[in-house]
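Paired with chain B in one complex and with chain C in the other, chain A is shared by the two complexes that follow.
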Partner chain A sequence: MGSSVSRLLRGPAVLYLPAALFLLVFFLVPLFNVAWMSFTEPDTGVGNYIAFFSSSFDVGVLLNTFKTAAIVTLTSLIFAYPVAYVAARYGGAFGSFLLIVVTLSFWTSFLVRTYAWMVILGVKGPITAALVMLGWSPPPQILFTTFASTFAMTHLLMPFMILTLYAVMRRIDATYMRAAAGLGAKPLKAFTSIYLPLSLPGIANGSVLVFITCLGFYVTPVLLGSPRDKMIAGRIGDEIEQMLNFGGASAMAMVLLVATLGLFALYSRFFGLDKLWK
Partner chain B sequence: MQPRSLILTDLVKSYDRRTNAVDHIDLRIEAGEFVSFLGPSGSGKTTTLMMIAGFEQPTAGEIKLDGRAIEQVPPYDRNIGMVFQNYALFPHMTVRGNVGYPLRIRHMAKDVMRQRVDKALAMVGLSTFGERYPAELSGGQQQRVALARALVFEPGLILLDEPLGALDKNLREHMQVELKRIHKELGVTMIYVTHDQTEAMTMSDRIAVFNAGRIEHLGTPTEVYFKPRTRFVASFVGDSNLLEGTAGKGGVVEIPGFGPVATAATDLAPGAPALLLMRPEIFEVVADGEGASVTGNHLEVADVVNYGDSLLLIGKAGGQALRVRVPSRVAAGYEAGGRYGIRWNPANVQVVGG
Partner chain C sequence: MYSEKTFPIKLVAGLIALFIAAPMFIVIPMSFSTAPSLEFPPPGYWLGYYQRFFTDRNWTLPLFNSIVIGLGTTVLTLALAAPAAFALVRHDFRGKALLNLVLMMPLVVPHIVMALAYYSYFGALRLVQSYTGLILAHTCLSMPVAILILTAALKTFDRNLERAAANLGSRPLTTFRLVTLPVLKPAFLVAGLFVFIHSFDETVIALFISGRDTTTLPRQMFNSFLMQADPVLSAASSVLFTAVLIAVAVPAVMRAMRRRRPTPGRA
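Up next is the complex of A and B:
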């Protein structure tokens, strides 16, 4: 990562100034403010952090947040990969149609889509009705379960994954697969030895994007999930809205930030994000 | 490596069901031959190659490899080496990784594999480049890696689709020589697609001249150049003067304005239309000349183009546009506006299709 940063900075510095200023005012200052509050509100010291780590509930919420994000990342990757693959490889009218559908849902707000799932998965929704009609009685509880919230989050984030994958896959030359076949590779072998590795940057980009976005999810788990599915963003919200505990909330935000950065430092170290993007 | 023979019978490919990209092609390639597909853009060369390799399905016709029909054989089972125009080197593998790929697919033992890769890399002169990635190689080096990868599994038939298209002239000529050397060394059958006629002339045992999905002429470079079957072949291969006239007696053809021309043909039916091919280099330019005869005429030069090793005189003779090529000589002093005598040997004048 060091080398790419130094490469960036070698350009004419003045061109970076507006962006740097923007980052400073709208990102670094508020971030610093949060960090400051976590150590000063209500008392100076690490009290907020001690409180957080000594609460098994809060630590559980943090772990659950990472676990949920990992599951959502994995499932959205599994579902998104074939969609992006078909769109990129076979293009044409069907490929364009797929992308339009994806983009449309991409443009629809998270909140709207979350409420849509509430209706669809609800007791009076079409899924339950269909299950009843098939003779499943009494119908299983779908809404307000871990499944519902994970499912909906996967759906909400899939466009990110699909579009990121597609951007990389579209640039994979079709002659690579022909060349592989010509050299004796059966379709599956050609896919695993050529296409999959070449699409890795897309997988990495998409996973990082989805994982990080998912860490901050707030509304969806609250509206669709069971109370046990609480995620850290929801916890932070509660702390501010219900307890007016700004210091505690700030400390949680900082813990989330540091944990996320730590995780990606590890990831980058072992999987070489730098190399993937070369 | 056992060279393989190939027979195409009445091969047709239509992408849109209205026009034939490949239009009833018959071709027989002997084991060990070097055959070029020469033709203008869009004439069906790549399409034919793709059908042989198995990436496109023929609309009709038959492809036989070593006497065995292969339409039903998928590309990964055909065991044909292929060099793509853009090389298609796998960017995430080193040179060794690329060249070793077909061997890994075939689950070859590690040490045999290392040996074979070493040998293939040595053959293309890239022994010290094994650990590089394709992006770290020049165009010519990439081309050679692609070639090594296509021959490392000893396929017996190698297809090359304009492999030298992207290279500069010097490298191109160097690679032409290398390719021919490898062809000789391995004794493998090679099909070489190009739209560069010089390349086809210098490298091939035989040339198939493609036009609009058909093979207009299949023959040795000498035959294709000196005895072209059709007007298209005559004009596409090499520089040419094509003169239309009417056959007279004893192989003489009467060209309107130009006069009678003695030709190599002897069996022309008097009165029949005849198309003459007079290559620009068959002419001898003489100080003045004896005037028009069956072996000579006058050239009024409108333009002189200096090619370095030769001069092209562009002008008119008896009202017919004529191009005459002469070796460069400092003392020659040909000038635009000049009038010179030209002479030819009837043995060098061909009747196209005759």
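Up next is the complex of A and C:
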């Protein structure tokens, strides 16, 4: 016993055990407690899950969450790709400028950017003013709609997507494209048959990360979105704060958690979890 | 051979970059606005909301709290993550893959799930509405960030430096203090900065577990959002944005200036 303890102390365990124990006590145990509550509060059994999946409102919230995440992922990919492409392919002063703008936005708090959209899309904001000037009267309600929150979330997650794409594109050898051109391929053909396939890992990384982040998004949908078309995170918040329904909230949290971890596991199975940080 | 026209795609990229930067063109002028509600363009300009941000207790206390919690989180996270990063990079042991998984998990678990988890768990431990609770929660969430940065730095560390020191008769602890630590110092600083920002910006968990006296800045901002009336929010936003601007732009400009200057000869 004594010798095994001293052997343990000389090994790597003494280095990683503090972090591991910390996460066990302050991360894994609270998380398991949520799973436990979902089956025991207020009664033992799967009642909370039955209630969730038999409520057309809650199932609608879940579907709406997936739909929004899909739209945000696709839109941000479409807008992010050209920026990452130009920054990676042509570099130079313009490339650095693009990267600085993206990095600035990336590090600016979600709340600050959400606030900016609240001003821009608001009743007294520039968009409404422009619509009125163009003759759209009375102007449409933009703020507190699903459009507003989807739009803002796309903006919030785009830097994330660009930086992930850029990380992969930066490593694509420029000589491939020159070789294709030298062999007579038109630029579009060279792009679709060489560059695009080589950038696919970046597309996969970025899309999965943005989709997962979007699934659990709380702040922006609550502040800018429509009270009628909720997303699941906002729904969980309501159950905790307004209903004090911990069992129901826990069941919803488990549904969200399983969806998120499931997607992530699927993705890491195909693309290799470790590739992300190796 | 076809010549590639790069202008159109660069124009598209530039326009998208403009869209990404757009909110900042709004937030800064808004913070000087005299309008008591969200109105753009502003009807007039003054500094009143900045004054309130830096003197009104409703804003100074959250700012102070966020700084205390951010610093506490940074110290605790680095203290736990640094040794773990050494173990992950320099040792092989049973359960390493599992450890890696657990260390990275906080990155993927949605914050609202952890907010619920801490709300009930810390409630039972009487840690809600305390600095300690928030620091413990933020440390868990920041762990992956610190581990990623520190392991990346450690992998590129040239161990021959340590071997050379050992050959010259230095004892392990002295080598660590005089060789390993100075070489890794930039990585520690970067990891510390990222962890601090991570904690400073965290909103969802703070919303659910910080109390009246431990309200963080994001929570205060979120609440004044809901009331929609408090224009100090725009000053707060501008201050946060300026901090980011300085943190991002200063190193970039310095790097650009160093590149332009001829490299000094090293005698």
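We take it that the second predicted complex is superposed on the first by the 232 of 278 C-alpha atoms of A that agree within 3 Å, B and C clash if a C-alpha of one lies under 4 Å from a C-alpha of the other, contacts with A are read in each partner's own complex, and residues count from 1 in each chain.
What we mean here is this: a contact is a pair of C-beta atoms (placed from the backbone, for glycine too) under 8 Å apart; a residue touches a chain by one contact, two chains touch by 3 or more.
Just so it is clear, the model here is predicted, and its values are computed rather than measured.
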What is the contact status of A:256 with respect to chain B (first) and chain C (second): first, second, both, or neither?
second
Contacts of A:197 with chain B and chain C, given as first, second, both or neither:
first
First, second, both or neither for A:215, with chain B first and chain C second:
second
Looking at the overlay, does A:20 come into contact with chain B only (first), chain C only (second), both, or neither?
second
Which partner does A:186 reach: the first (chain B), the second (chain C), both, or neither?
both
Which chain makes contact with more of the residues of chain A, chain B or else chain C?
C
So in the superposed three-chain picture, is A:85 touching just chain B, just chain C, both, or none of them (first/second/both/neither)?
second
Of the partners chain B and chain C, which touch A:175 in the superposed model: first, second, both, neither?
first
Would you check which partner chain A:97 touches, where first means chain B only, second means chain C only, and both and neither mean what they say?
second
Do any residues of chain A touch both chain B and chain C, and if so, which are they?
181-182, 184, 186-187
Inside the complex, what are the residues of chain A that reach chain C?
11-16, 18-20, 22-24, 26-31, 33-34, 37, 79-80, 82-83, 85-87, 90, 94, 96-98, 100-105, 107-120, 122, 124-126, 155, 158-159, 181-182, 184, 186-187, 212, 215-216, 218-219, 223, 233, 236-237, 240-241, 246, 249-250, 253, 256-257, 260-261, 264, 273-274, 277
Touching residues (chain side chain A, partner chain B) in the complex
173, 175-176, 178-187, 189-190, 193-194, 197-198
Listed in rising order, the residues of chain C that touch chain A in the complex are 1-2, 4-6, 9-10, 12-14, 16-17, 19-24, 26-27, 30, 37-41, 79-81, 83-84, 86-88, 90-91, 93, 99-106, 108-122, 136-137, 139-140, 143, 148, 151-152, 197, 201, 203-204, 208, 218, 221-222, 225-226, 233-234, 237, 240-241, 244-245, 247-249, 252, 256
Taking the complex as given, what residues does chain B use to touch chain A?
53-55, 74-82, 84, 86, 88, 90-92, 101-102, 105-106, 149, 153
